[in-house]
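As written, the chain order gives the labels A, B and C, with residue 1 at the start of each chain.
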């Protein structure tokens, strides 16, 4: 296991633990307002200080992690699912089908993603589920392309021919032989997808189009914080750092996995 | 006649994990005289390729070498790449199995041969350089010299590529030529051409030729002296021309098992079992499990190389 | 009756170039005709570019072609499951012919399950039977292909072909990448299978291996058949110049 994988995996695991076990780490309620204690700097009572309503920032950060992690994961699962299916069909069948799907990919790519997301959010409403769906529906193109390339090369490989000799139907060949061998690089892109999704969600929440108050998200903690940059640095520093750390963690995990998975395919003969 | 290559107690192992080592070559003692033609024969795991690569220290980073290799009295092991520059190319040239993989696809034939000559002879002038390159191409049997001179490797056939490789290997007039499975990847008719070329060049340049191969018939066709390797060791080292000259059971059985054009349908002689796992070698004759002459002693002791045969009961 | 009758088989590959649209094409198999009787071993010999592998793939149903192939007197149609079963193929590349993510037991079970709809006990029995037929023991079942030696992998490929209970096996350079001592074992395996009634087409470039295993031989060059006949006759009295050249090039 190389260092990047270990670093990335450690960071990701920590974040997931904090998200999942949020109630264990803090006894505060993220909604609980306490105007008397608003805008307090970090102390032993409030590890990351309080926000403009006196709510404990640390607690809100923990519950915000839940949003980031789950949006990241589910959006990517949706994108991967769509990408694998379209990429496999395109790569395996080739010809007209491949052309149609790839032109569709090109069209999706010409649309500026951020604006598409904004428009969809405005129309469909900013619920967490909608955000997951929208991010998933707009970020499958990379995965589709990679899948298509892998499938195209696997199509020619001997054990796929062997499957044809046994009389397996096309569907069975794709599911049993091609997809399992094509997915290694997909794992790498999934990690990048998660970090991307976290950034998009944070951005949406920052713009007020994401998670709605009082539900906390790193993005909307930042929004509130921007009005108090000079007086309450903790409301910007902590969510900012958390976003940075999670994106860094997933990215470096992805990079490490990419290096780790590749040489394994080569076998050395003495 | 002097020994041009002297190998003493050569051991090469590869590190395959944090704690595990595998021996590829064990305790090799070998002397080769100037002008000899030697063939090293073995199957996978025999160590022949590792041995060939260790002669010019071309082993990968995870290899551990112990012992001594002297070429023209210069020690090879633990020499830096800079010092080895004087041996590689100048004293010994080497060609490999896949000529296409050894040639750079973005440089022409001319550029690649010139590059090698210039590396050892920095001050050579352009005309002299071109003369030498053309001479080498002709010497290695290239017909359409002007066209090939300016071609890229992918425009050439496998046979032509291998001829270029030979030209490059001989460009600095080495005394030794090492050929590691030079014809395995080539078509049958081309194989014979390249092998005959090697024989011709050996004579005309008075080379010491070392051929590494798995093909026993090829070995006896090219070389007078055949060294048979098994599981990292030399098991026989003799002048072998046919099965009658074999003294180690493995050599004998290898002659019997090799595809032979004189056989008839159904004419099979087998060596049972498979080459041993180098990670778990026991203190016995490594060929014990497959040997048709195996006796009790072979199971309990490991034979030394005596009179160039590593067997308690040579034939 | 001939088991296999190949008539005017032709296979053309369009040449793909990176940036240019080309009308170039390569005729890999050029008007090839021959017949093969049941129980015989036919060697198809040629150098690279001779078209022997393409010919093999066409017969096995892995490529489209022009021309006619008659199997047991009828047009060869692989959509018929029963016909698909009868013609099997053994690959040259032992690494890539086994799915690296499947255990050996699953690789062997797959044809039995999908084609014969066998399950549990009967399936397991059959898997072990085919392992024995190729000279392997049960301990390979839980391994992956990359944990086996070249010889063992090739035996698995042959075992998988045998699970379909074929009548014709096309073997494409099945021993070329194996050690000499293992080659003999695999060749003997094919010989034994032939003795049990299997018809074999054996593709190779090595004229030496042909001798121990084949009855008849076809020599191909640049997509065409240049000579054909019984092995013993061709080797003693080759008529075609190219055949003579090939025989002369054999060392030993």
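By our rule, contacts are C-beta pairs under 8 Å (C-beta built on N, C-alpha and C of every residue); 3 or more make two chains touch, one makes a residue touch a chain.
Fair warning: this is a prediction, and the values are worked out from it, not measured in the lab.
K.L.:
By number of C-beta pairs in contact, which chain pair leads?
P.N.:
So the chains sharing the most C-beta contacts are B-C.
K.L.:
Which chain has its C-alpha centroid at the greatest distance from the C-alpha centroid of chain C?
P.N.:
A
K.L.:
For chain A and chain C, let me know how many angstrom lie between their CA-based centres, rounded off.
P.N.:
48
K.L.:
Centroid from C-alpha atoms only, then distance chain B to chain C, rounded to Å. What do you get?
P.N.:
Taking the average C-alpha coordinate of chain B and of chain C, the gap between them is 32 Å.
K.L.:
With chain centres defined as C-alpha means, what is the inter-centre distance between chain A and chain B in Å?
P.N.:
One centre to the other, that is 53 Å.
K.L.:
If you look at chain A, which of its residues touch at least two other chains?
P.N.:
none
K.L.:
Quick check: what residues of chain B touch more than one other chain, meaning two or more?
P.N.:
44
K.L.:
In the complex formed with chain B, which residues of chain C make contact?
P.N.:
Touch residues, chain C against chain B: 41, 47-48, 149-152, 179-185, 187-188, 191, 205-209, 211-215, 231-232, 235, 245-252.
K.L.:
Residues of chain B touching chain C in their complex?
P.N.:
Counting only chain B, the residues touching chain C are 43-44, 158, 187-189, 191-192, 195, 214-218, 220-221, 253-254, 257-271, 274-275, 290.
K.L.:
Can you name the residues of chain A that touch chain C in the complex?
P.N.:
Residues 157-159, 161-168, 172, 176-177, 180-181, 267.
K.L.:
Spell out the residues on chain C that touch chain A in their complex, using ranges where they run on.
P.N.:
Spelled out, the residues of chain C in touch with chain A are 60-62, 81, 84-85, 88-89, 91, 93, 95-101, 110-111, 114-115, 146, 157, 160-161, 164.
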